[in-house]
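Notes to accompany the following structure.
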Amino acid sequence: MQPFLAHPFDSDRLHEECGIFGAIGVLDASNFVALGLHALQHRGQEAGGIVTHDPEHGFNSAHRFGYVRDNFTKPDVMSTLPGPLAIGHVRYSTTGTKANTAIRDVQPFFGEFHMGGCAIAHNGNITNAAALRRELIERGSIFQSSSDSECIIHLMARSIQRNIPERMKDALRRVEGAFSVIAMTRTKLIGVRDALGVRPLVVGRVGEDGYVLASETCALDIIGAEFLREVEPGEMVVISKGKIESSRPFGPSTGRFCIFEHVYFSRPDSIIGGRSVYETRRQIGVELAREAPVEADLVCPVPDSGTPAAIGYAQESGIPYGMGIIRNQYMGRTFIEPSEQIRNMGVRLKLNVNRALIAGKRVVLVDDSVVRGTTSRKIKDMILDAGAAEVHFRIASPPTAWPCFYGVDTPDRDKLLAANMTPDEMREWIGVDSLSFVSLDGLYRAVGEAEGRNKSCPQYCDACFSGDYPVAPFDQLERGFRMKVGSETAVKQAAE
Amino acid sequence: MQPFLAHPFDSDRLHEECGIFGAIGVLDASNFVALGLHALQHRGQEAGGIVTHDPEHGFNSAHRFGYVRDNFTKPDVMSTLPGPLAIGHVRYSTTGTKANTAIRDVQPFFGEFHMGGCAIAHNGNITNAAALRRELIERGSIFQSSSDSECIIHLMARSIQRNIPERMKDALRRVEGAFSVIAMTRTKLIGVRDALGVRPLVVGRVGEDGYVLASETCALDIIGAEFLREVEPGEMVVISKGKIESSRPFGPSTGRFCIFEHVYFSRPDSIIGGRSVYETRRQIGVELAREAPVEADLVCPVPDSGTPAAIGYAQESGIPYGMGIIRNQYMGRTFIEPSEQIRNMGVRLKLNVNRALIAGKRVVLVDDSVVRGTTSRKIKDMILDAGAAEVHFRIASPPTAWPCFYGVDTPDRDKLLAANMTPDEMREWIGVDSLSFVSLDGLYRAVGEAEGRNKSCPQYCDACFSGDYPVAPFDQLERGFRMKVGSETAVKQAAE
Amino acid sequence: MQPFLAHPFDSDRLHEECGIFGAIGVLDASNFVALGLHALQHRGQEAGGIVTHDPEHGFNSAHRFGYVRDNFTKPDVMSTLPGPLAIGHVRYSTTGTKANTAIRDVQPFFGEFHMGGCAIAHNGNITNAAALRRELIERGSIFQSSSDSECIIHLMARSIQRNIPERMKDALRRVEGAFSVIAMTRTKLIGVRDALGVRPLVVGRVGEDGYVLASETCALDIIGAEFLREVEPGEMVVISKGKIESSRPFGPSTGRFCIFEHVYFSRPDSIIGGRSVYETRRQIGVELAREAPVEADLVCPVPDSGTPAAIGYAQESGIPYGMGIIRNQYMGRTFIEPSEQIRNMGVRLKLNVNRALIAGKRVVLVDDSVVRGTTSRKIKDMILDAGAAEVHFRIASPPTAWPCFYGVDTPDRDKLLAANMTPDEMREWIGVDSLSFVSLDGLYRAVGEAEGRNKSCPQYCDACFSGDYPVAPFDQLERGFRMKVGSETAVKQAAE
Amino acid sequence: MQPFLAHPFDSDRLHEECGIFGAIGVLDASNFVALGLHALQHRGQEAGGIVTHDPEHGFNSAHRFGYVRDNFTKPDVMSTLPGPLAIGHVRYSTTGTKANTAIRDVQPFFGEFHMGGCAIAHNGNITNAAALRRELIERGSIFQSSSDSECIIHLMARSIQRNIPERMKDALRRVEGAFSVIAMTRTKLIGVRDALGVRPLVVGRVGEDGYVLASETCALDIIGAEFLREVEPGEMVVISKGKIESSRPFGPSTGRFCIFEHVYFSRPDSIIGGRSVYETRRQIGVELAREAPVEADLVCPVPDSGTPAAIGYAQESGIPYGMGIIRNQYMGRTFIEPSEQIRNMGVRLKLNVNRALIAGKRVVLVDDSVVRGTTSRKIKDMILDAGAAEVHFRIASPPTAWPCFYGVDTPDRDKLLAANMTPDEMREWIGVDSLSFVSLDGLYRAVGEAEGRNKSCPQYCDACFSGDYPVAPFDQLERGFRMKVGSETAVKQAAE
């Protein structure tokens, strides 16, 4: 994921692995889905797909590598996607494997059952997918993709239930992990979230009888849809003929939404859990200014993802805010390096220091997170080369010390700076005058939990910071991953 | 031109028509040129070209439509561009004519003379090009492009001078208008600016004996070159074997640099006339806050071009700064509109209002300029739809009332809002609670002229605001364009 | 299929639907498969695919629309297909459905079973595919393509046999119709033909321990392989570690090879059933000259498919042979018709009459077959326009009156000229002076059956001429197709 | 040029360098030109261009690499080429320089003169182009291409004549060598041939008032145009408003048409000098059978270019004709060679021997010409590998011993087999049982000169066989080319 107000070295960030959108009861639903996916492009840029249905032509689909704007705007593509019902998916390319991603790994996935076809789009990660796949193959299922999400459609194909929503419940009860799923039959649009509601999903209304499902509210804004409510953790909604039916297939549950959506993944103009993401990020800056004040001349964001927190830090601290780093909007990674070595050419392709503003100043540099730390060093180098007197790094999230297994692409633990160094070692390694992360409690306060984190029953999934996994990562444990000793919630669940 | 910190509705802005770059005395000069043009991409996105020379292969060239990053990064293109000497050009597509732009209109242009070849890259506009072309065709020259710049190379071909720099002087003395030109022979890199120095051109040093010429200093930064100085108005520099020779082919002159480069065209991280462009823009915001204060709750830029002035306005006024409008970084213009009309869909593809921040607030909206005014209305609509209590528009330039004939793409006069309405009519037409432009003197103060504009001898070309054209636009006058009655400088010159 | 020595209006011919090739025991087997498929390109031009296996990288595949020479020659494609074992498939586009053909319909198909993966390439048609598909879906299989051939891999996935060759036998015993299949596991190359051996399949040896399977012997020639023998009707061969194991999974059977392969599908330089295809076609011309002699000045083939029979006719009749029709080797179907109507422009794009040769002559025009008859009329028009005195049409096959259901693309019965007219009506409708088809017995004599067709036990499948279907077309009968009353063999089988 | 009935190893043939076509007085002339160029595609496959004019849009042009059928069939290209007047050009890629061919080398060339624009398409070669180019550059002309033909348009631009046809006469009088030129102004279509008429050009009529000019009559046939006559050697025709005006700008002259057009370049269905090309080629076979009879079992052409002569040889000798070599219609040059060497893989991609026909036979192999001789060896190898008892090579042209400088791509003299070996050495080097070329007189008889070649005043240009150059090749002589001592015609002219 390259989020809205993204970080310029997005390859050194955590990434959401997808965005999903569905529409029913509108003319040419695929146009709505294309716009919705465009608004969700920050959640996945590698590829996208749309499936539609109309009574005359049945199901139709298109799956393409590349941006939504480059594919799902072409009349020759869109004209093959007629009908009042459509779902779509944008997908993130997990680092380094793009060469191996086939177009058949691109969702939505489709299955023809004897009661009719069904397409699904999945955001999240199934933590027992390897085990399920093994079992399904033994029983004669043929997998077409390397995607974990394909398990769901095979489990549905083998269900003995008579209708598709019931088959979907059957299937999802077998599945562990985090998922928000949008599905469609010939006449129904279905949305469902796992019991903890780790990944987001919202419902909106458009026009007379039209309904849409989307990962974030910003995708409602682009089509002028009205935001109705979130699909709740553990809820399934089935939308048909202008009506929404709700059920709770997984029993009662308390949500533990992914707190990193607030920090980096979601667009700042989205509303999550009733809160403005922009305001939350600005508030993290305020918390940071309180927790880690410093005497300085300039608060400067690492653009664009550090901007809201930098504004908050400046406002709380009274230090002037300024654009010390300018981002090249045309990007470009692959220039041939001139024969005489240019120091940090990779950085220069994306950023340039506003030397006249920085020179001689004590700079508070605000960034959203530190993952590997390599880009933090490069940015610090640029700032110092431009003549900054001091550099104080302020990070709008706690140290990222644990991988995510719930639909986010994270490096292995041994690549995470915070998993391998103390805060002071990190400061020294990066080479700055001071380095501070917002505290976990500070982050919880910024998202509106005045008391901070509830240790016995955390309000959010914060496993990447705390190592406290709310769902035991089955396949990972089989592969040898070792959880934190005494990690509260997950151990409980693993013991069940 | 889609400048750095560009406006989201760039089609409703004025546009620079090109960026130029040259390098000599370095290994694989084309790699430097590619990087330099990438840094200047905001000055022209339609197409680009590079010409190189090396003793073994002679002159080689590549001209391509599209971004530098998509063409001049490919090994199969770059490997055809060897040698220690190269120049390049990026070109802006003048509105609506793209379909007719042929690849042969893409610069640099090349001519084979009997003393050897010469390539030129031109930024600016020749105001007597039509007359020159007519004369050259009568004498047997065959034009290959529809570009005014091609006159220069034909005038050079017919010069009786024995070397190329002298032929270039011959040619440019016949040419009226604004130009910064970078040229190359087999062994020399040449830079020249017209007597008024309307368009920018700077010299830098890289490595041991390498020199570069560029439209802006930001293109020196990307390759780690040292900024030496500007080429002066009316100066020609000829660089060869590590030496720079300077001459003044057009006699003595006082520069009148384009003031709009400060307002919008140049990158904020460039240094022009010894001043930081970012700081100038922030200072315009300060001037605006002094000239047009208002009681409000939030200062919000139209991203990204209004941001520096908005920061200045907020700092001077004490009103909090906030990101009330979020720009979609994936853009996209061509989506198929869903059958049910979406109000202002074009706007929504690029921007979304940060509703939670705006709702109920009195908003100061800071934009860089008003050209046609159509996008100002749309943005105002979005802000009001999101529940703003009041909208106060503050514009970081004076009213744009006259077309530019010196290398900037401007609409005809009857399309310029300020040429057809009083400020109050504009306010009403746009539909905001108040509307203020920075004064011409305020703008001059922001660029460092403490006394404001010198009426008898203006320090800058500000014809787009004042109608005071420093060079009479010969071809345009022939076509019936009517200058402002009593316009100071141009009338003088036209009378000569 | 656009066969070797193809007809210029190939869209008015019957078409083979594919060609298959496999190689084992050679370095970079995919290169052999690419060459083999290139030699078999006449059997299918729409798309092609190759699957390979090597111990290090496992299974790899590439599927592409277009010619073999345009896809499987590129290093970036071929380098992804390593290993000593590979199979491939070229596919014909059935008329008018190309728009709907997805890349997932392109073979080979692949299935991952718990004992390892398997890829299959199928030439032929499964006559009970619709029924099998229905049953498999009910049991939870998810089909990915619209291809009948996919049934085979799902039947294999559900087999309880422990190894892949046995699973394949299980699957193919459930399948009705005509098939030649090449399959591969991680270590084995498998070839199998249905009990009647309707579609061809041959075995060859290359290098030390290398073996290949191919639709025709011409594909052995291109790689310099030695022709060993045909896979026999009802035989399965499993090739591994330099050894061929043979078995007969479908019990004893007498072959009924497709006689149309001799008439048009196969390449003239292939050897089928021990006979040269070229010589057979020349011999058909000889038979025609005996059965339907005529006084004339010139024997002229419809190029290129009518050429061998025309040579035979000329040699037997003593009438001079000449190229009265010249074929445009650059083809082209989509030219924009000039505003003034050009009569028969479609024909002119492909053919031109050699007017100087034709004018004033009595011409014997030799063509391979008549399907719809529309192109026969156009060619006759051209010949007469060029001034021929008489036109005598001689057809190197009996009247094509019945559709094929065994892997050949045929128009519906009501589109077949011979199904709807008597020979005399056809002569009049085409508008020629005489029209003769070779007799069914004459055709059998030309393929070496001195006694002609054995009515009680025909030596070949000749259903397209006789309506005598050796396998009842189950799905077609369900859809309402009515077989010929009293059709000998098929009725028997249908009654079983 | 890859001619009609082309040779499979066309890279070892001589090649025509272009085909030209023009149309006036028809609706959408570009559609006619596209069809005409398609019919002339055998004269040049690398690239093509079309220029049109209509009163509303002025001149428009499109130049593209690749086949006519792939470019000038697209509505988005053709819709940019409106108007009743158009000319076009197809161009051959001279061996090995394709990488350096720029799109600006693709004709027609266009020049804007002060009395209006003019486009020209040139077939032939200017033998003093280098000298003319030098002179024009010294006087200030800027060349845009590396093509010799561009001289013509620059000479025209500098002419002091008041109209374009007169300027063209001025220009062509300065030009030496062979040329057929089609040109257009805003209202006129112009055709002209050099005084010797080396290259072909014909006039036809289409519709009411439409006229066309074309390299060959086959291009008239495709659009249903009536063949009026050839443009005569030394004639200029100017067609406007339904009238043809003729003039003779170069004084009286006797034609010396290129005899190789009959042997290989022209399409067999074209009429040249009142003779059918097909019939001439068949007649060459007859002459060969008389001059070089042999006892054999089979006459076999090297397809497709040897076919008419082989038919003639068979008919005259009484030896049966048969297709011993089958050509792969899908071609392909770039397959990756399997790791185990395949002998003669290059040959196998294009040809396969019809082994069943060849084995044990004494074969007369008929080919059109021998250039380097390398492919003759390979084909002989294939025939012998297939078991032929004897191979007798019969060549339908005299030994090719001299390069052509009149618009044909020929290897240097030291690469021409016949320039470096005696006939007997050639036979041995190729490795055949006998080798015979038709005699020069035999060739003249086949083209209708009953008395053979007129030594004192040859009827044709046959320099490639005789070394007798009708125009001294000025640039070549400067570069050191040595003509045959005592060569009749050219020496005379060189002495002038």
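Each chain carries a letter (A, B, C and D) given by its place in the written order, and its residues are counted from 1.
Assume contacts are C-beta pairs under 8 Å (C-beta built on N, C-alpha and C of every residue); 3 or more make two chains touch, one makes a residue touch a chain.
In UniProt terms the chains read A, B, C, D = Amidophosphoribosyltransferase.
These numbers were taken from a predicted model, which means no experiment stands behind them.
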Those chains which touch subunit D and also touch subunit B: none
Interface residue identity across copies subunit C, subunit D - same or different by half: same
Recurring contact interface, reference B-D, options A-C, C-D or A-B [over half identical by residue number]: A-C
Between subunit A and subunit C, centroid-to-centroid distance (C-alpha), Å: 51
Inter-centroid spacing, subunit B versus subunit A (mean Cα positions, whole Å): 38
Inter-centroid spacing, subunit D versus subunit A (mean Cα positions, whole Å): 64
Touch list for subunit B against partner subunit A, complex: 2, 4-6, 26-28, 31-32, 34-35, 38-39, 41-42, 67-69, 72-73, 75, 78, 206-207, 210, 218, 221-224, 267-269, 271, 276, 278-279, 282, 304, 307-308, 311, 315, 320-323, 326, 328-332, 334-340, 342-343, 345, 348-349, 352-357
Interface residues, subunit D side, partner subunit B - complex: 103-104, 111-114, 134, 137-138, 140-144, 153-154, 157-158
